[in-house]
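Input: one structure, supplied below.
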Amino acid sequence: MSTLAGFFALLLHMALMLTTAPLLIGLARKAKARMVGREGPPIVQPWRDIARLLRKQPVVAESTSWLFRAAPLVSLAATMSAAALVPSFALGMLSGDASDLLVLAGLLGLGRATLALAGMDTGTSFGGIGASREMTFAVVAEPALLLVVYTLALLAGTTNLDAISSLIASGVLGLRISMAMALVAACLVAIAECGRVPVDNPATHLELTMVHEAMVLEYSGRHLALIELTAALRLLVWTSLILVIFAPFGIAPHPAEGGAWIVLLWVGGVLAWGVKVAILGLVLAAFETTRAKLRVFRVPELLGAALLLGFLAAILLFVSQGFAAELPRIGGLG
Amino acid sequence: MEHIGYGAISYDFAHVLGGTMLLLSFALLSQRRITSTIDTYAMQAVALAVAACWQGWVQNEPSLYLTGAIAFGAKAVVIPLMLKRSVKKLNLHDAREQALSIFTAMALGVALVALSIMVVLPTTVEAGALTREDLALALSVVLLGLLMMITRRTAFTQVIGFMSLENGLILAAVGVAGMPLVVELSVAVLVLVGFVVFGVFLRRMRVHFHSLDTAHLDRVGSAQR
Amino acid sequence: MSATLLQGLVLVMAIQLFAAPLLAARAPRLGFMASFLCCATGAIIQLIYLFSGAPTAELVVPFGLAGQGTVLSIDGLSGLFLLLVMLAGSAASLALLDDHGHPIPTAPAVPVFIGSMMLCLLAADAFALVVGFEAMSVASFILVITQHRDVQVQAAGRLYIGMAVWSGLCLIAAVALLAPHGASFAAMRASPPSAVVGWVVLGLALLGPGSKAGLVPLHIWLPPAHAAAPAPVSALMSGAMTKVALYVLIRLVFDLAGPAQALWWGLPLIALGIASALLGALRANMEGDIKTVLACSTIENVGLVAIGLGIALAARGADLAALSSLAAGAALLHTMAHGGFKTLLFLASGAIQYGAGSRSFNALGGLIKRMPITAGVMLLAGASLAGLPPTPGFASEWMLFQSVLGAVRLGGLALQVISVVLAATLALATALAAAAAVRLIGVALLGRPRSQGAAEAHEAGPPLRWAMLLSALGVVLVGLFPGVMLWFAGPAMAVIVHGNMQDRIGYLGFATAADGPGYAPIFVLVLMALAVVAIWMVLQARAVPGHRAGPLWDCGFGAPPSWQPYGDPLAQYSATSFAQPLRRVLGTTLLGAREVVDMPRPGEIRPASISVRMADPADSWLLAPLARTREFFSRLTDRLHFITVRQALTLMVLVLVGLLLFIAAVEQL
Amino acid sequence: MMSDFLSPVALVPALPLAGAVLAALVRDSRFGAYVTIAAAAGGFAAACLLPSEIGSTLFLLVDPVSAHLAMLTAFVGLTTAIYSRRYIARELETERLDETRVQRYHTVLLCFLGFMLLALLSNNLGIAWVALEAATISAVLGVGLPRTAESIEASWKFFLICGVGIALALFGTVVLYLAAMPALGPGYGAMTWTELAQAAPQIRPTLLNLAFVFLLVGYGTKAGLVPLHSWMPDAHAEGPTPISAVLAGSVLNVALLLIMRLRGVMAANGQSIDPGPPLMALGLFSVLLGAFSLWGRRDAKRFFAFSSIEQSGLAAFAIGLGGVGGTFAALLHITVHTLAKSAVYQAVGRAAQRKGGQKFADITGLIASDPALGLTLAAAIVAVAGLPPFGLFASEVLVLSETLRHAPLMAPFLILGLLVGGWILLSRLVSLCLGAPTEAVGPAVNWVALLPTWAHLAIIAVLGFAMPSAVANWLVAAARAIPGAAL
């Protein structure tokens, strides 16, 4: 019974993710506009853009190959698979056993690499600038991400996202300084990966500053629609990843434990998740309006700070209150 | 073999002859002119010949007389004459002959003699007094011959150093009682010395180097090869 | 049963060492065909052997040192590595058949190279191991200097054979230290060395076979040698030879140097692994031609394997059986994965070198349109090099990271800090590898061609195509079924760490512990497939099919000059410009990268130019000082040779007087 | 006494000497070449009978080790004689040698070979000394043949230094006789190796040490142990190549054989000092110095002379190690090195003639211009560098493992020497055989002319990896034949 419930939860989860992704982008734009006194486009505008673009026939440069046309499809698929691994409103989904943080990082890496290759395929310097900077930021961001994963794995004894989240939801670990540092590091890495303001400006087309936009400059029509959806989905995946680890309040437990009330718990989970995502969207908008975009060669220092925080999080973990005592419980590798 | 100690005539005479050869080696070290070097060498060869015959008489070993005769004939007479003739024909002059000053050469010579005595006497403690004495003197003459070759610049005087070293060898061979093949060995040594002298002749005649200074030769084969 | 299999293998080896070279001397193509058949039968024998649970077998061969026979044997560990060598050998031999009419003059050395690798793996006594190791070096040296007219190839040859002599001597010393009572491995195992001798053997193993595998600091020979050798030979060197060197390192340190080593034995391996991974990955981003990039990435992957081995050794010292078998499994899986995709990449680089006429990035680009098969295969192998999920590269890196996580349990704050540093390094190395892979594929295969050769590139010949496709099939299989490869590696793990992961392996994937996290590549692939199908259905329903071609947005660049009809390369990102951000972030410190801008003074008509100078730290801190000291000693000894007769005699007298004084002193005592 | 000279053993030195006398009388150079080959072949044939003639008489001593070295020297003499026929014909064409000097060349070569064999097989120390001296004189005349300024200087240096060495060796022989005289009584007894070996415990140890010092310095000069080696590079580089080939091989072997015999006597004596350490010190110093000095050389033949210094240092080091293992390694190394070194000299000589100069700058790209000669030279250099398929690798493995077993502290220096030497040898292979070829002056060389060199290389390969057990037992018996070597 629980696998059927898990499958149904996964379907609901994917539908939820795909629908709310553009809305989150719309909410963020709306909030940023309001903060600077502008009216701003309606929240559903991204949906309209995607729908419009879908109906248009794309214009593809002659010098590109089949990879340019396949890249949007593959990168969206990778990001959707990553989304499937990140629980949003309920734990114990069908993909619960396979939702491993390292696999998640790998899938996001696959999406990024595909887009970078598509950028290189155009044969113009824009594609090159975008791809080169994207990969350089990834080189500095990846260690920070993996140190966060390292800290969480040591705390929870496994890299499985489901287990980590249920452990933290149960409140056994209490408040730890390492978790706080890990949260800040994770947020910095999220901003870098999703191309938000301090690292990259999603709204600009100025050669010197754009990173993500440069790679997808040549896309049009339905390809551009997929690319937009991928970018939105990636932002939502990072947001729900941070939420499910650091703020798992109201998330529905495993279907086995939920028993008959599982449907009700799911509805409660969805509502809690929706509110939390909206809050994070507003926080993101506020953060972006108050920050200026960093010079390209200052970004590694920002991500270096994230790396340092991740490092400290792990080290403090060892130092804090006799960590060794809890070793037997860690990772069954006794 | 009856015990030969001080006072026995055979020991005294051999001791004297060995001593004269050592003295002549020192004399060789201090010579400045080539002709006087050749004469000193001839005298040393004579001393060697007499020592060989004396050993022949003491050990009643007839072959030693033959060695003495060869030593006298070749080394005391023939070779010095050939050397003198070539010196006259090529009017060798004695420029820049000494590599080391006379005093340092002599000091080194004394040190070497002391070394050979310090080495030979304790190692030959069971052997008879004559053989110990003889070996020590022979080793000293050999080392002095070597020193002479090192302290001289010209090939000519190095050859004479080499020949005085050979004399020391024959002295050692003769001094040991009952050593077989002494005659054959002395002949072989003579052949070796002959080739050295012949070599010196040959080189100078054919290749007309201006001076016999071996340093000149060595520049030919210096580091660039 | 295993005895007959061993005899079969020894027969294959004998053919490779003696018969095939003669045939190759007569007709190179026949020689390569014979070598391919030998390797194929060898691989089949190996698969049967591993399926039958890899029981050890022994065989005494009449040849050997001073009249005694040599012992050859096969066990789980050598069986696994032999499988890799046979597969890489068959791929390379097949690729060598595609020689476009003029085969390489050093053809006979290829079967000898493969045969000596087999000898090294099958050896069960000191002499056979050392002979196999050195013969492997000599044969690969002959192959490295195939195009010996080029001065760079000569320099690469000199450096290569010098380091080969060094690693040979270290191996001889290590094996001699282990064999005071008998040269066969059984005798060595019977009398394990003392602690001090053990440490010396570990040091020698790291400096000798370690340098042959490409571990820092003696890795400098690897990039030039691989760039100089013909592509299928570089594939063999990177895919198989470095693995055989790792096998010798494992055999010496894990098996022959005694069962109970202290926990600290693993640390040097981990330290060198970290250094190699970082340096290799960073240099892979900076080099200018395909084969050097692949060679540097070999250094990185060997570093990752060394990290796995180091953790396994430390865990075995601390009696953590589960962790040691996990780490050993990670190391062996990565060795097999790397052996597969690196061979594939080098074969592809050979196809590109012939098809597009050059291997330098500045003359390639847009090859995906003219060479679809090579490009497709290179995409797959590049993904594995970058460690992206469904590929084998990701599977082994996932396992490696899990064992780094487990390394925390080795105890002691210092070790825990090391494991955190290890985690950060692993991530940095993987990300750098991903950047290098994107750069390699992006600049070489995608975008617009940068030279006439690239514009008119043509696909590789049928044998090379088949070799690449077969290797690609191997890579895909290992990627999708890592559990099966780990099952094959079970007996090898039993030899190394006296434990195996058979209980934690399923057909679809594997897990770190009974209840620990798991990785199932098939599940990830299914998820991706479902997503693609879903998107495809939405596109069919709502989107307009087809697309129109149009000019690309070139932001105002003028038309390309007449002599570059394929488009002005300057209007497109080159390999150096792609690496520029990374060079500024990491290169200035580690590689001493300096950019020299040469601006013409006003009125001069020559163009401004920017040149980049970089030096491998091992070169500037280790090789250059050693060369200077050797030069100093050479001049010193010259002064002792070219002396006058007089000085020579003085030396002789000094020796004589010295010895006499020595005698006199002895007398006084 | 007389029976000695009629036994087949005496034929081994006698045939070459008889050939020398015949060659001296013959004016025509081509006939002289055939006489040389015939005499060398006779010598080698007689040497092959030696293993069945084990035993000793008053003047001749045939035990496994001397028989082995005699066969080796005779074989090298034969292949060099065959090689020199074509070499001398070429030298006559280019007028570097004229008829009279070729006649003297053949006499000198055969004299040298004959006296070497006599020195190897003689039981009596005095005869060994005379034979070695005569061989030195003939070698000096041989080196002085080309009449260039360098060859004159080389022969003068060779003669003077080896002359002094020989003199010191004679003094050592006299002291040895003095030491053994009380135990064995006056007469031949005290100068024959067999009696010395049996009466070793009764010999006065102190005098034995003194004799060892002089013999070590005297014969060490002949063996080219550093710092007594300065004559060797010039002699090898300036003389005609066949002379260098034979000189490189046999002089070293005779000197090392005499040192091995002496070491055996001293080890049997017991109270005398252990000769191992000084020998090892000289050997190791030669290895290091030889290896480091290889890097600066510009002349190919001089380069391989220095490599001989390094390898003979290794052999002396192995003898210094002692024990059956050490001596066995030394014997194998001497055998394989002699064959490899004369093979390299033959190949380099041909290359020098082909390219008209023996500098490294003159000889490049041999494989490109003459594949046969290039491959032969490359194979010879790989053999000398001690890499597999050739036997020097096996002997280096044996020496290194013996060192690690008995004197581990010396091992790092030995490895350093072997590495530096091996590296430069192989990078010289790259410069000699690879790259763009320089223009060729002399005639092309086909495979047939290179047969003697390939014979050497084949034997080395077999000795290294597939040594038949008969040969192995023979070498082990030779290693044990040296009295007191069983450490």
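For reference, chains read A, B, C and D in written order, and residue numbers begin at 1 within each chain.
By definition in this document, a contact is a pair of C-beta atoms (placed from the backbone, for glycine too) under 8 Å apart; a residue touches a chain by one contact, two chains touch by 3 or more.
Computed from a prediction, not measured in an experiment: that's the story for all the values here.
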| item | value |
| --- | --- |
| Pair sharing more residue contacts (C-beta pairs) when C-D is set against B-C | C-D |
| Chain centroid nearest the full-protein CA centroid | C |
| Centroid distance [mean C-alpha coordinates] between subunit D and subunit C, Å | 44 |
| Subunit A-subunit B separation of Cα centroids, rounded to whole Å | 100 |
| Distance between the centres, which are taken as Cα means, of subunit C and subunit B, whole angstrom | 69 |
| Gap in Å, rounded to a whole number, between the CA centres of subunit C and subunit A | 35 |
| Interface hub residues of subunit D, defined as touching at least two other chains | 156-157, 160, 164, 168, 206, 209-210, 296 |
| Contacts with two or more other chains, residues of subunit B listed in rising order | 119, 122-123, 146, 149, 158, 214, 217-218, 221, 223, 225 |
| Every chain pair in contact, whichever chains are involved | A-C, B-C, B-D, C-D |
| Subunit D partner contacts - residues on subunit B that touch it in the complex | 119-120, 122-127, 131, 135, 138-139, 142, 146, 149, 155, 158, 162, 165-166, 168-169, 172-173, 176-181, 184-185, 188-189, 191-192, 195-196, 199, 203, 207, 214, 217-218, 220-221, 223-225 |
| Contact set on subunit C toward subunit D in their complex | 62-68, 126-127, 130-131, 134-135, 137-138, 141, 145, 148-149, 151, 154, 157-158, 161-162, 165-166, 168-170, 172-173, 175-177, 179-180, 630-631, 633-638, 640-641, 643, 645, 647-649, 651-652, 654-656, 659-660, 662-663, 666-667 |
| Contact set on subunit C toward subunit A in their complex | 320, 322-323, 326, 365-366, 368-369, 379, 383, 386-389, 394, 398, 401-402, 405-406, 408-409, 411, 413, 416-417, 420, 423-428, 430-432, 434-435, 437-439, 441-443, 446-448, 512-520, 523-524, 527-528, 531-532, 534-536, 538-539, 542-544, 546-555, 567, 571-573, 577-582, 584-586 |
| Partner subunit C, residues of subunit B touching it in the complex | 99, 112, 115-116, 118-119, 122-123, 143, 146-147, 149-150, 152-153, 158, 214-215, 217-218, 221-223, 225 |
| Subunit D - residues contacting subunit B, complex | 124, 126-127, 129-130, 133-134, 137, 140, 149-150, 152-154, 156-157, 159-160, 163-164, 166-168, 170-171, 174-175, 177-178, 181-182, 185-188, 191, 204, 206-207, 209-210, 234, 237, 296-299, 302 |
